[in-house]
Structures are given as structure tokens and as C-alpha cells.
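Each of the next two complexes has chain A plus one more chain, namely chain B in the first and chain C in the second.
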Partner chain A sequence: MSVIAADGVTVRYGKKTAVDGVTLSVAPGSVYALLGRNGAGKSSLVRALLGMLQPARGRVTLFGEDVWQHRARLMDRIGVVSEEADAPPDARVRDLAWLSARMYSRWTQGAFDGRIDRFGISRNARYGDLSKGQKKQVALALALATSPELLVLDDPTLGLDVVARKSLFEEVIADMAERGLTVLITTHDLSAIETLADRIGVIKDGKLVLDDELEALKLRFRRVRYAGAPAALAMTAASSRAWGSGTEAIVTDYDDVAFERFRRETETSESTPMTLEEIFISVAGEEQR
Partner chain B sequence: MNAALALFTYELRAKSRLFIGCAVLAVVPFLATLLPSARGNARDVVAMVGGFLAIIIGLTIAAMMSRAAIVNELVERRMSFWFAKPIRPAALWLGKASAALVTSVLCFTMIAVPAMLFAGPAWKHLWTDGPPVLAAAAFGMVWLFLLGHTVNTVTRSRSLLLALDFCFLLIAAGALVLIARPVLLGGGTAVLKRLVFAIVGGLLVVAAIAPVWQLRHGRADIRRSHAAFSRFFWPCIGVILLLAGGYVAWLVSATPGDLREILEVAQPPRGPKVLVTGNPANRGDYHATFIIDTATGRYDRVSTPPWWGLESSKDGKTFAWLQPSGGFRARQLELYVNGRATGILTSLSSRMVLSDDGTRLATDSGSTVTVYDVATGRIAGSAAGFDPRSQASMYFVTSDLLRIIETTPLRIAELDLRTRRLTRTESPLPAAPRNGLTVSGDGTRMFLRGKNMIVDARSGTILAALEPARYNVASMLHDGSVVAAASANGTAHVHIYGPGGEHRHELTLPETPGLWITGEVEGGKVLLATRRGMLVVDVNRGTIVRRVDGVRGPMPRFSADPRLIRYAADQELVGRTEDGKLVVWKHEGRAEARPLL
Partner chain C sequence: MFDIHPTDASPIWKQIEEGMRRMISLGILEPGAGVPSVRELAQSLRVNPNTVARAYQRLTDEGVLAVRRGEGTFVAEAPKQLRKSEKNEALRDAATRYAGTALAVGATIDDARGELELSYERLVREHRRKA
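Take a look at the complex of A and B:
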């Protein structure tokens, strides 16, 4: 059974469609990275997945239960780090922990204290007085101390420096290793997620345009350069452009056998693997001709 | 419930700085005693300053909390923090709302209690012996919090829905006016008060529940939250208004048969119509009014029971009276004819008279007399410069001539509506009694009770003087003769004088209490009311020709028109039995009175 299952989810704000018929599923123990440009609809989708926003169409289930109907009960199994620092700014760190301890059935004070100490944050500090990075760290410490089965990180590294980013991911990785945590993450930090994610979803203009295992993506997506017109290539190209006297194409269904056949037919051709960032740009970036 | 309690405790802990601030403010009433003007009455000063400060702080904090509890977090996009937690919307609202209200009350208490303990009796005298100010303040805190939350939700979402809310608000306000107006016009102030309490109570309940719906369906998004709130709030308000409207519809649907107490009966001299006002059963102090046809029993319901100056025309086709304008502005009165507003507004002190044919109407607003054309509502003429303290009576001699009688000094003014000229004639008499002035049917002669004189009603010259006697009641009849009654030793003596003042007859009645001359009937008969019943006296023969026991009425109305009402010879008369039932009886024959309703 999927931990997260979205079926044709559409979110609208008035006449504007923010999420358009998204269907995805996240397997237990996996890390699903939801990528997209700013305004693509990631946060709206995450809010719908967490039962904070009612979809205009479609349905979301978490652990097999409808999230809109059973949000309060499901949230006991889910840790959330929001995109915005949304805890009450007047609250002290220890008060936030006190409140969480009374709301979550599996709260572990030791885990919270340990992380807060590692992050070097005072328990008496008011949340509003913390730096952006510290707020994220407190949010993460609160989320992980609830011993969640699913961790949802909505752009957790936004505005963080390199050190803070690294320590945040280390905490997540450590928890995953310890408890087989399922993670849904939205981020722009593609290099970090490349080492962490099992599956990638790319959302563009509200539509999920890509949803595949990371390894499969890397096999499927190749940059192919060859002498000849764009039409000569027999594989599906996400984009192509003139490259010297030849063509450079981003291929989305790369096949070794087909490429070998093609290479024999053309005078010069080469294929190079792509990074996640390059794949993302080719899928979510501006259309190129 | 645990989550709500945890949130409640957390919210209170988060207000620690506010509580410290209130503890500091609690010193202010005691500091006020250091003012020079406070010396010698320190307890009074502490009670007054402490009470007012506590109320102001309590209300202010309630208003602030209404903004901070939910809406600020929605606007600042921090509500996701709560919706990412295992807490239900009802628990979230309950925890936050109860913490906000308890915070307001605690802040109030922190300032009030030290002042109360110090001031002792002064506090009791100022705050608990009189009107329930502190209870009102507590209610105000709840009200401000819930109303504040409602207003903040709809205004701070910056949603176009605000326009829709505004439309609904206007519709609700309009519906409220429509609901309240007939009750108020019907004099049902106690009913209206209960209705307002019920509506306000319902509104409070809806405002207390709506945020649960708001959070349940709108969750972390301010606009969806606003939409969810409005989707719950307005239908509920609609239901409350529908219920209130249904109640008022039932209230005003009373029939003459529902009247358990008759308050006013107005019977014109001719025609079968009679206007009846009374309290219907089970409808509190609401007054229902009907114009009833005594011949057929059919009735028309009048939605605006007479509030002031009820008059009827001689032909019995027109009834006119005054009501507070719009039902609310008590400083102005609106004229109604046969239950319909004429659009004529006049000031509060107005009295009025109708012309015999009901086409003209004169109002007296103290120093100014204004005549209106009833059909058009236009002013046909007016005259000013009267002394409100001495103006006694006025009547239409014809529909174009209004005569106004001032008593101190005795002066007769005539307003000719064709020429729009006012003429004033001084009487040789220096003054006339304000009460007890009656005029003959043709308006040419008047009788002054107290002075016992018959005077020319046009010039004020003395025509005749009756033998000196102290009459309790007296009235000039249509033909200028005078009926006067005096009580002595448990009996009443009724004297009948001719138009020239000559004594014609004397009757002795065994029953004196409650003796009234209530009208006359064509053919020289006068109606007397006693506690025991009605008497019909033949003034030509000086004998009682009919006695109807157990019935009183028709009774005289307090009118500015000084002419005694003169019923047609064939007119059935309407009176009331001792148990308050309306009956119809005839001035001649021996037939028993029959029930009207």
C-alpha cells in the first residue's frame, strides 16, 4: 500500500488552476522528490496532500485513508516542515515542544532535545527571534521528534546556507536509516536531492509532467549530439537545437541499441548522461526549439 | 478534547507578558488616589477607576484576541502550523477561543479584584447595586470576540466575497427592519425585546459555531476560510430571520376573536364600521387592531394600531391616527388613514381633528396648526403663533374653515382655507377653562364648564349664564342645549338646559361613580355611562328611556374636537361588558346587547 496516493488531484484558486489532475503515489520507505519551478504548483499540491486544501477534483489518501476526512488522526503519523516558518513567533522553543508533546502520541522529548542541542538553539528562545535556518531546524526537530512514519518537507532548504542545508539533510538521512521513514520533499536543491531521492516528480504549470524512479530517469534522459537535421533522430526528443553544423537533442526515451544503430548511420554522434538538474531544466525549463 | 485543553493551556502560557502588563495596570487605580481631587474619598476613586479600567482593558483584549486568535494566523499564512498537527478544527477553535475569553476575563479580574477588595462598599455601591454593568461587560467581551472574529474573517481575506457578504448584511438588516417594524408599530415593546434577545442569542450561537465550520472546510487558506465561514454563517442567519419572521407573521395574524383585552374602541357617528384595538391572547404586549363591520362581522386587519390622536369622520368611512414615524423615530409622527400611511409627517406633540366629510385634517404642533388635504397629503393651509399652553380645541366648521379656540386669554381664531387667511377674535371673557369646553354641532355656540356660560363660538361674547353650580361633567349638545351632572351625597343630579340657558329638566340618578356623558343620538337623546351600565336620556322629556346594565360604551375619546359625538338614530352602539367582551346594543327598544365578535 502506498503511503501517499493522489488520484487526479486538481486544485483551483478561483479561475486559476494551480494543480491539474495530478496522480502520484509514494511507496513506504522511499524518498519522493517533487520538483518544479516557482509557482509550478508544488506547495498547493503538498497542501492538498496534507489535507490543508480541499481539491476541486480528485482524492488523496495517506496510509490508505482519505486525508480530507481523517486529517487530524493521520497527522499523528506525519511530520511536516512547511515552506514558511509558520510556528507562532511569540512562542518559545520549549513551549512548542511542550505543546507537541501533548498532541502527538509518539513524541520523544529526548530526540527533540538532542537535535536542538546539536543545532545549538536555546530552548528559551522565541521562535520569531530565530534566524531562518534555525526556524527550519526547530521545525525539523519538532517534526522528527513525533516519530513520524511520513516526513513531508516543503522546500526545507529555502534560504539556508550550505552548512545549514547539509545538517538538515544529515538529520533526515539519519532518521531514515534508523526507522525506514518515508519522505516527500519539494526542493530546488537538486544536487542534494540527487543523493537522497528514490523517485522524482516534476510539476509544471500544475501538471505532473514527469514521475519516475531517479535511476530510470537517468537512463532515459540523454543528451545526444549528431550531425544532421533534427528529424534524423529516431528517439523522442524533449528539445533539440542547432549545435555547430549538427543538432543537440535531449532524448527522453534513450535506448542503447537504437542509439548504436543511429550512430552507425550518422557520421558523428555522441550521447552523454545528464544530471538531475539538467533533466529538470529540460523538462521544467522554457521550451526550446 | 486533550488537544483543545493542551492548546488552551499553551495559549494562556503564551500570554504571560499580557498578564504581567495587567498586574502593573492594577496599580493605576491606587495611583489615582494620589491626585489632589481624590483626597478623602480614596475608596470611591479606586472603585471607579478600577472598575472602568478593568472593563476597558477586558473589552480591548477581547477585541484584540478576536483578531489574533485565528484570523492573524490565516492572513500571515501560519495556520498550516496547526493543520499539520493532530488537532480537529473544533478543538482548535475551542482551545483558542476559550483561551482568548479566559485571557480577557483574567485581565479584567486582575485589575478589578484588588480595587474591589480595597474599595469594599464603594465598589458594591458603584458596580453591583445598580444596573448589571459587570455582567454586561462580560457579555460584551464574548460578543466583541465573536463579532470581531466574524468581521476580521470577512474583511481581511481581501476576497470579492466581501461584496457578497455586504449584500447579505444589507438583506439581513432589511429583513430585521421588516420583522421589527410591525411589532414595534403594534406597541409590542416587550415582545420586540424578547425577539431581539432571541435573535442576538441566535447570532451569538452561530458566530460561536461558524468558526468550526470555517476551519473544518476552509482550513489554512484565508479565502477558502472566508468562503466556508460565509457558507455557514449566512444560511444560519437566514434560518434565524426566517424563524423570527415566522413568529412575527403569527403574531400579526391575530383575529378579533383572539383579543383577550380590548384597549380601544372607536365608533364613528354613522356607518357600521368600528375600530377595535386590543391584546391578542399569547402575544405578549402586542396590540392588534381591526376595523370591524358590526353588521356582518367582517374585519380588516390594521397593521399600525393607533398610537396617538385617533379620529374618525362623521360619515364613518375614514379613521385617522398617528404613529411614530417609521416605527422608530419617536420625535416624529406619521399619519395613517384607514391603516395606510399618508406620507404626512408631523411633530410629536400633535393633536389632530378631521373634517366631517373626512377630506381635511388639521394637526396642532404646539404653536402651529397645519391643515392637510387627506387625499393628496398636501398642505391646504397653516397658521402659526399659537400659545401651546392655552390652545384648547379646534374643529372644522366646514371643510374649508377651521376654528381654533385659545383659552388664556379666550380667543377664537379662524383659518379660511380658501383665502388662506387667519382671523383672530378676542373674547370679552379674559379666560376659559382648558378642559370642559364643548361646542354645538353647527359650531356657533360653546359651553364653558366651570364658568357655566354659553358663549358665541365665533365672537366669544357671552350669550347666557347658567345657574351657579359645580358640575362634574357637562356637555353642549348638537342643538346648543346643555347637559350637566353634579354629584352629591351618593347621588347624581343631571340638569338639562335649553340653548338659551334656561333650565328644563332635572333627573336624579342613584349611581354616581364613573358618570360620563359619552355622546348623543339624533332625536334628542343623550348617552350617559355609569359604573353600572349605560343610560339613554330623552333630553326633551327629561326621562331615562333605556337602561343597559353591564355594558359601558360607546365611551368618549379624548379629542381636540370639542363637539360631542352625535350618533345616527339607527346606529347600533358598541360597548364593552364587565368581562371585556365587545357587544352591540340599540338606544331604543328592549333588545339585549349582542356579542360583536
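Take a look at the complex of A and C:
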């Protein structure tokens, strides 16, 4: 059974459609990375998946139960690190732990203390005095200490330096391995999830335009360059453009045999694998400057 | 243990599988020797544990690794080598790609052979050093 199952979820704000008929499912123990440019509908979708807003159409179930109806009960099984992790600046780290211990039935103080020590944060530190990275680390330690079955990371590395990102992901990897944690992550840090995600979803203008296993994506997306004008490739080209005097095409169903045949017919042709970032750009469009 | 390259076209589980096989064929991991747990290897390579588990599962199915319940994962007592036909096929695939690159950059067959030898030796050295 899926940990998260969204079926035709549509979110509207007045006349504006923020999420448009999204269907996806996240398998137990897997890492699902939801990608999209700013304003694509990522945050609205995450809010709908967590039962924080009611979809205009469609339905979300978490662990098989309707999230909108059973939100309070389900939240006990979910840890969330949101984009703007926030707490009162005067609260001390240990006070936040004290509060969480009272809110979650499966709180484990030892797990919290261990992580906070590994992150090198004092339990007496005022929240307001912590750096951005440390705030995120505290939020992660709080979320993981509730022994969640599902961890939702909403842009967890935004504004963090390389070292802080690394330690954050290491904690997540360790927990995944130990407890078979299921993770839903939204991020702009594509290189970090390149080794971590099992499945990738790309949302664009509210629609889920891509939803596939990462390994499959990396096999089927290729950049193919060849001499001459655009020609029949026997593969689906998502886009093609002039490249020097030849053509560069992004194909979405690369296949060695078809390419080999094509290569024999054209003068020069080459195919190169694409990074997740390049795949993302080819699907979601170039960053506007 | 070995490096993985996230941007490589070859899937990560396959890179792990091949890395393990290299360590075994170089004799760095001997028959019966313990290998890192899925958790340890996932952390040290910084990859998803599912990916490591998948590589280990394949190696176990192929008779290269053996799981002893409660004790961990070990190199099989007589790790299965690839069949000759499988070995040839893998070599031919990789060689075709390499030859393509060599031709594209205008290298002679001697240049290409020389680089291949250097890379082979470097990999052996690196594995020995890391072991």
C-alpha cells in the first residue's frame, strides 16, 4: 500500500488553479522528490498532501486513510520540516523538544539529544540566536525524534551551505536505512537528491508533467547531436534546436538500438547522458532571468 | 571502498555492483570476508539505502554475496564469476563506446590503447590504496 496516494488532486485559489489534477503515489521506504520552479504549484500540492488545505477536486490518502478527515490522527505518524522552519526566538532548543514531547506520542528524547549533539548545537541555545542552517537542523532533529513513518522535507536545504546540507542529508540517509523511512522532498538542490531519490515528479503550471523512477529517467533521457537538419530519429524528441551547423535534440525514450541504426545513417552523431538538473530543465523550462 | 558517479549514465546500483565485483576480482575482498552493511555503505557513499540494497540483492542472487542471518553479508565462499559470454558482451559494449570517443577526438589506436592501460593500472592502484 502507498504511504501517500493522491488521486486527481486539484487546488484552486478563487479562479486560479494552482494544482491541476495531480495523481501520484509514494511507495513505503522510498524517497519521492517533487520538483518544480517557483510558483509551479509545489507548495500547494504539499499542503494538500498533508491535509492542510482541502482540494477542490480529488482525494489524498496517507497510509490508506483520507488525510482531510483524519489529519489530527495521521500527523502523529508524519514529520515535517518546512521551508520556513520557525519558532519563537526566545525559546531555547530544549523547550522546543519539551513541547514536541507533549505533542507526539512516539517522541524519543535520546534520538533528539543524539542528533543535536552530532550537529554541535547546545540545548540551552536560544532559537533566535541560531544560524539558518542550525534552525533547519533543529527542525530535522525535532521531526525525526517523533519517530515518523513519513518525513516531509519542504526545501530543507534552502539557504544552507555545503557542509550543513551534507550533514542534513546524512541524518536522513541514516534514518532511512535504519527504519525504512518514507521521504517526500521538495528541493532546488538537484545534485543532492541525484543519489537519494527513488522517484522524481516534476510539476509545471500545476500539472504533474513527469513522474518516473530516477534510474529510468536517466536511461531514457539523452541529448543527441547530429549533423544536418532535424531528421527522423525513431525516438521522441522533447525539443530540438540548431547546434552549430547540425541539430541537438533531447530525446525522452532513448534506446541504444534505434540510436545505433540512426548513427549509421547520419554522418556524425553522438548521444550523451543527462544529469537530473538537465533533465529537469528540459521538462520544466529554463530559469527566467 | 570505491567511488560512484551520480551523473554517469550507468545506474548507481549498477556502479555499486560493478565496484563490488572489482574489489572481489582484485582480491581485496576475499571469499568469506564481511562486506559493509547496507546502512554503512549507503552512508559512506551518500546514496539511498534502497539503491545499495538493490545492488546487494542482485549480487546475492548471482551468488557473489551471501547473507548469513543475524551476522551480516559476506563474499560467497566461491563467488560466481561472470560467464565467458557475459564477460565478452560487457567488454564489447564498453569498448564500442570507448572506441567511439577515441575516434571522435581523433586519437590513434596506440593512444587509445595506452590510455586504457593507464586507466586499468590506476584503478587497480586506487582500489589497493583504499582497501
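The criterion applied here is as follows: the second predicted complex is superposed on the first by the 281 of 289 C-alpha atoms of A that agree within 3 Å, B and C clash if a C-alpha of one lies under 4 Å from a C-alpha of the other, contacts with A are read in each partner's own complex, and residues count from 1 in each chain.
Operating definition for what follows: a residue touches a chain if its C-beta (ideal position, glycine included) is under 8 Å from a C-beta of that chain, and two chains touch if they have at least 3 such contacts.
Model, not experiment: these values are computed from the prediction.
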Superposition on chain A - do chain B and chain C clash or fit: fit
Chain B versus chain C as contact partner of A:91, first or second or both or neither: first
Which superposed partner A:63 touches (first chain B, second chain C, both, neither): neither
Touched partner set for A:29, first chain B, second chain C, both or neither: second
Which partner reaches more residues of chain A (counting touched residues only), chain B or chain C: B
Touching partner for A:170 - first (chain B), second (chain C), both, neither: second
Partner chain(s) touched by A:76 [first = chain B, second = chain C, both, neither]: first
First, second, both or neither for A:103, with chain B first and chain C second: first
Chain B and chain C, minimum CA distance [Å, superposed model]: 25
In the complex, chain A residues that touch chain B: 13, 47, 50-54, 71-76, 78, 80, 82, 84, 86-88, 90-91, 95, 98-100, 102-105
Chain B residues within the chain A interface of the complex: 2-3, 6-7, 9-10, 13-14, 73, 77-81, 83-88, 217, 219-221, 223-224
Chain A residues within the chain C interface of the complex: 29-31, 166, 169-170, 173-174, 176-178, 191, 194-198, 215, 218-219, 270, 273, 275
Residues of chain C touching chain A in the complex: 4, 6-9, 11-13, 38-39, 42-43, 45-51, 100, 104
